[in-house]
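So that we are looking at the same thing, I have put the structure below in C-alpha cells.
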Amino acid sequence: MIKAAIVGGSGYTGSELARILCRHPGIEVAAITSRQNAGTPVHKVLPSLKGFIDLKFEAQLGEDADVDVAFLATPHGASMAIAPGLLSRGIKVIDLSGDYRLRDPAAYERWYGHPHQDLDGLQRAVYGMTELFCDAIAGADLVANPGCYPTCSVLSLAPLMASGLVEDKVIIDAKSGTSGAGAEPTKSTHHPACGSSITPYKVVGHRHTPEIKMALDRVSGAGNGVVFTPHLLPIVRGMLTTSYVTLKKDKSKNELQALYDSYYAGRRFVRHVAVPSIPSTVGSNFAEVGIELADAGTIVVMGALDNLVKGAAGQAVQNANIMFNMDETVGLDFPGLGV
Amino acid sequence: MIKAAIVGGSGYTGSELARILCRHPGIEVAAITSRQNAGTPVHKVLPSLKGFIDLKFEAQLGEDADVDVAFLATPHGASMAIAPGLLSRGIKVIDLSGDYRLRDPAAYERWYGHPHQDLDGLQRAVYGMTELFCDAIAGADLVANPGCYPTCSVLSLAPLMASGLVEDKVIIDAKSGTSGAGAEPTKSTHHPACGSSITPYKVVGHRHTPEIKMALDRVSGAGNGVVFTPHLLPIVRGMLTTSYVTLKKDKSKNELQALYDSYYAGRRFVRHVAVPSIPSTVGSNFAEVGIELADAGTIVVMGALDNLVKGAAGQAVQNANIMFNMDETVGLDFPGLGV
Amino acid sequence: MIKAAIVGGSGYTGSELARILCRHPGIEVAAITSRQNAGTPVHKVLPSLKGFIDLKFEAQLGEDADVDVAFLATPHGASMAIAPGLLSRGIKVIDLSGDYRLRDPAAYERWYGHPHQDLDGLQRAVYGMTELFCDAIAGADLVANPGCYPTCSVLSLAPLMASGLVEDKVIIDAKSGTSGAGAEPTKSTHHPACGSSITPYKVVGHRHTPEIKMALDRVSGAGNGVVFTPHLLPIVRGMLTTSYVTLKKDKSKNELQALYDSYYAGRRFVRHVAVPSIPSTVGSNFAEVGIELADAGTIVVMGALDNLVKGAAGQAVQNANIMFNMDETVGLDFPGLGV
Amino acid sequence: MIKAAIVGGSGYTGSELARILCRHPGIEVAAITSRQNAGTPVHKVLPSLKGFIDLKFEAQLGEDADVDVAFLATPHGASMAIAPGLLSRGIKVIDLSGDYRLRDPAAYERWYGHPHQDLDGLQRAVYGMTELFCDAIAGADLVANPGCYPTCSVLSLAPLMASGLVEDKVIIDAKSGTSGAGAEPTKSTHHPACGSSITPYKVVGHRHTPEIKMALDRVSGAGNGVVFTPHLLPIVRGMLTTSYVTLKKDKSKNELQALYDSYYAGRRFVRHVAVPSIPSTVGSNFAEVGIELADAGTIVVMGALDNLVKGAAGQAVQNANIMFNMDETVGLDFPGLGV
C-alpha cells in the first residue's frame, strides 16, 4: 500500500484528493495537513468524509513522516519551498499548484510576479498532463500537475495540434464553475455578484495562458499563438472550453473524427463525443472532447470536465498511479453523475 | 422636489435606493455617501446608474447638507449614531438598518449584543411596514424600515392575525436570495458553498425573530409564539416565506380568501394570488400572498417579494412618499420582471 | 454474482441505478429496458456510462430473462402490471414507483386516482425504508422503495417519533432539486420558470403526504397528523426537509442529541450533524439529519440527501444488498461530493 | 397616444412588450392576442401585470382593430402571413420573429427551411438594429426587429467593423440565458438538463449566423466570414458575447477605446465599459460593450444585454419611438437591476 500525504487538505483540491484517495485500493492517506485546522479531526471540517478519513489535520508534514508520495495542494509559491526537502527524503511529489508548470524561469517570474526559488526542481519537474506525457510521468519523482483550464483546452486540441494542421492562432473561450477559484471568499465569487451572470475575468492576462501555450507547443512542435479568455460560470463544478482553430488545408468532418478516435484510442479517461457535456463528467476523472466544422478551414473544438477531478485531484491521482506502476485507472474508474 | 440623501450608497440596499429614486418624479437624490468610495463618481462603482445619478460619493453627509430626508442604508449600530443629529436639523430619517425596529431596549440589547445608544429615538421611531401602519408613518419623522423577512412573513400573515383566529405558535419557514446578505463576501455566500444548495442558517437565532413577533403582536393584539427558520437560497433576488398556523375554529377556503381580499382591498402593492411567485415580484415593490388549507384547522400561508425592493429600498421609498404627503405609489408603480 | 434487470433505464432513476450498479461488486446489470430507446446501446443515450454498461436497451424484459432481481424504475401504475409476473418466475422485485407504497388500497385509489390492480402484491410488499425496516426487507421478495420526500423527512424525524414524545401535528416544509421531477420536460421544470425561484407546488395535495404519515405512524405507533408542503428548488440534485414538531415534555438539546446518536448508532448511511448539508450528500447514499430547539417544546428537525441516490436508486441498491444477504454498504460506500 | 397591438402576448417576448408598454407615456396597449388564452384576462396568465394591463387576450387581431402599430411576437413563419394585411390597413408593423430579417429570399429559405411568402414585405422591411440604422427605421412601416444574439454581437463589434480594420473571420462565442428559448418546455431547457451546465447547441448551424453576417457586412461594407457558437447558460435573463477579431494593423488600447467612445457618442443605450456585466443590464434596454487587446493584432470584444429587452421587446419599443417621431428613450429610460 502506497502511503500518501495531502499537504493543504482543507481547500477544495485537497479535500477532493481525500475524497478520491479514501476509496483507492492501492494508496492510503497517511497524513493530511491544514495550518488553520491543525489538531481538528478531518470530518469536523469535511463532514462528508466522516468514516472515510480517520485522521486529524496536522499543522505541517513532520520531518519523520513515513510517506511515499506527497500531494501538494498548497497556494502558488508555497510548493517550491517544501518540495526540495520532500524529494531529498525520497518522497515523490505531485504539485497541484502552479509552481513547477512553466519550465522557463523567466516566464514564471513574469506571470507569477516573483523569481522562482527552486530552479533545480523546475528542470526536474515533469508536466503531468497524463494522456500526453505518460512516459515521462512514469519516471518522474516531481510532477507538476496541470491547471484545470490547460487540461480541458489542451486535451481537446491535442489531436489537431499533433497533426501539424493548425495554422496561426488558437483562440480559447473558457467557462469555469466557481469551485475553480478555491475556498476563500472573494468579491468575484460572492453569490450575488456571480450567481446570475457569466463574467469574463483576467481577459488576456490569466496565468494559464503561457501554460496552455507551452503544452500546445510541445504537442505540435510548432509555436502557435494562444488567445485565452476565461469566464466565471454560475455553477459550482465543471468546465467547458470552446476553441477555434484554422486548418492549413481542408479536412472533412469524417477525417477529423477519425483523427480524434485514433489519437485517444485506448485512453480510458478521454471520451470523444458529438457535443461534450459537463454533467457527464461531474464527479469523475473523465474528460469529453468534440469537434465541429464551422466553415472552410475553421474548426470549433469543445472540451468538458470536472475542474476538481480531471482538472486537479483526479489527474493527480492518475499521475500517482503511473508513477507507482499501477494501472492509470485504479481508484478512478467510476462514471460521472450524468445528471 | 424633495431632496434626499442616501447614507451608505454602495451597499446593495443603498444602490437599490439610488436605482429607484433616480426615476422618482417627486424625490431627487441630492447626496450619497460611501466611506470607501469617497470622491468617486457613483457610476464608476455602480455602472448601471451612469446617466441616472450624476454625483460623487461623499465620505459622510455634510453638516450643511440641504436635504429633506435621509435614507440610512448603514450597518446595524451606525444608524443610531447619526439619526439624532439629522433629526435635530429637521431632516426626516428612514433607517433601513435594525437600529430602531425593536421598540424594547432590552430586546434590542439581547438580540444585537450591545445597549441601544438613542433611547429617545427608539421611542419616537415608527415601524414602517407600510400597509399595516401607514397612519403612524404619515406623521413620523423617524421611520424604522422593516427587515425583509418580517415584511414578507408579516404581510402574508396579517389578515389571519388581525382576525383573532390564530391559536398558538406561528411557524415561519423562510427562504431568501443571497443579496439579502449584503455586498460583503462571506463563507456562507461564497458561490461554491451556496450555489447548489439550500442552507438553513441561524436556526432559531435570527434577529428578525423578535421583530416578526413584535409586528404580529401589534396586528393581533395577542401574543402568539414565533418559530422562524431562515434558509439561504441559490438565487440572487427574491424571497419566499411559507408559514403554518392553526386556527381556533374552522374556516372554509372561500371564507379565508374573502378575508384576504378584504384586508388588502385598495392596497396597490400587496397582491392576493393562489400561489405567490418570486419572479412576478422581482425588481418591483409588489408582494404576493396566498393561502391554502392543509387539514382541519391548519393553514399554509405563503408570501413572496423582492428582498431589495419591497423588503428594503422600495418600502423605504413608499414610506417616504407617505411621510411627504404623496401617493404611496409615486415612483414605484412598475411591475415585476415576471420572468 | 447477482443478476439484475433495470426496467425503465433511461429515466433519471433508472440511469442512476445503472451508474451505481456498474461498480457494484456483487450485482451486475444483466438487462436494461427502455421502450423509446429499444435497440440502442445504453451509452448512446447515457454517454457517461460508456465503458461501464455494455448493453443495448430492450423494449421490455424478456419472458426468459435470467435475472435474480428486477428494479422497476417505471411510471406509477406500470409497476403493478409487471411485478406479479416477475415474482411468479422467482424474480425478486424492488419497485421504485409509488405502486406498492401505500398499504391501504383505498388510500392508493384516493391519491393515485385509480383502483390498485395487484392487491396480493400490496399485502406482500415491504416498505423499504432501510434503516427503519431492515428486518422485514431481509425476508421480502417485493420491496416498495420509498419516495424521496418520505425518506428525507421520515429518517430525520424517526428518533423523535419513536421516542413517543411528539404531540399533535408534524409540519414538513420540503425543498427538492428538479431531478426529482423526472426526465420529461414540463412547464414547472422549464428553466426560465424555475431557475431563479423557489416554487411551492401541490401544496397540501402531494401523494407523498399519506406515505409520510404511514411511515411515521409505524415508527411512533401513534397517529400524528402530517402537513407537508413541497417546494421546487433551482438546483438539480439534492433535497432538504425542515420539519417542526411539538414535544409533550421539555427535553434539553443534549438529551435530544443523545437520542439521535443512539437511534442511528451503527447505521452507516445516516449521519447526525449540526446542520445538514446537501453538497455533503450529493452523489452518495448518505443522509444527514440534525435538530435544533426553537422555544419551549418546539423542535426544528432537518434532513438532507441526494434525491436520486438515498432518495431513490441508492436506497434501492441498499435494499437489494439486504435482500441478498450482503452487507448493506456493498457498492455504496463512497462519500458525497462535498462541494 | 399611439395605439399598439401585441400579437402573441403570452410568450416571453410578448409579455415583455406588455411589461414595457404599460408604463410608456406615448404608446398604449389597445389589444393583445393569444390563441390558447383567448378570452382570459391578461393578469390571469401574467399576474405581475395585474393593474397594469386591463385587457383580455383575443384569439387574433380583429379586422377592424383601431391600432397604429402592431408588434408581432409570433413564431417564425406566422408573421409573414399577417404583416401584409396589417400594412394594407395602414398599421405599422414591428416583427420580432425572424421572418423579415434576412433580406435575401434564398438565404431565408436555406436557413428557415421553407420559401418566403411575402417577397414584397421582405424588400420593404428595414432591419431594426436601432443604433446602426435609425434613419431608415424612422421612415419605415415594416421593421424586422433583430435577434438577441445579433444585437449583442453586432453592437459590440460595430465600431471595429465600421473602421475597416477587421481582417478575415469574426469569431463569436455567445452565451444566452434560457428565456431566449421561449416559453415552451423542451428537452434542452429542462432544468435538470441545463441547470448545472453550459451547453453548446446548434454549433455552426444557428439561424442567427447569416443575420449577424448580413448586419456586420452592412456596417463594414466588406464581407468578413462569421463563425458563431451559441451556448445555453443556467441563468434566466441575460446574454454575453465574446468575439475575436484580427486587425489589419496594430492599434493601441487607447486608440480603440477612443474609437468606441466616439462611435457611440450620444447613444443612450450603449454603454462602453471595461468589462460588460449582465446584471447591469437586466430588466433594462441598455447594452454594455467593452474591448481588450489580446496580443498583436487580436482583439477580444465583449457585449452584454438583457435578451428580452434590448435583445427583443425593448429594442422593438425603441424602434416604435423612432417610427412615431418620439425620442428613442421614451418609456425605456430606466436602469438595469445592477444586482
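Order of writing sets the labels: A, B, C and D. Residues in every chain begin at 1.
Everything that follows uses one rule, which is that contacts are C-beta pairs under 8 Å (C-beta built on N, C-alpha and C of every residue); 3 or more make two chains touch, one makes a residue touch a chain.
Quick caveat: nothing in here was measured; it's all calculated off a predicted structure.
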| item | value |
| --- | --- |
| Intersection of contact partners for chain A and chain B | C, D |
| Of C-D and A-D, whichever chain pair has more C-beta contact pairs | A-D |
| Remotest chain, chain A as reference, centres from CA atoms | B |
| Centroid distance [mean C-alpha coordinates] between chain C and chain A, Å | 36 |
| Interchain centroid distance [CA atoms averaged], chain C/chain D, Å | 45 |
| Centre-to-centre distance between chain D and chain A (centres being mean Cα positions), rounded to whole Å | 39 |
| Of all residues in chain C, the ones touching two or more other chains | 12, 179, 192, 196, 234-237, 277, 279, 282, 339 |
| In the complex, chain D residues that touch chain A | 169, 171, 173, 175, 192-193, 196-201, 203-204, 225, 227, 229, 231, 233-238, 240, 242, 244, 246, 275-279, 282, 292-295, 298, 300, 302, 339 |
| Residue ranges of chain D touching chain B (in the complex, touch as defined) | 12, 15-16, 19, 22-23, 46-52, 179, 196, 236-237, 268, 271, 273, 277, 279-284, 286, 288, 308, 333-339 |
| Of chain A, residues touching chain B in the complex | 12, 177-179, 181, 183-187, 189-192, 194-196, 234-236 |
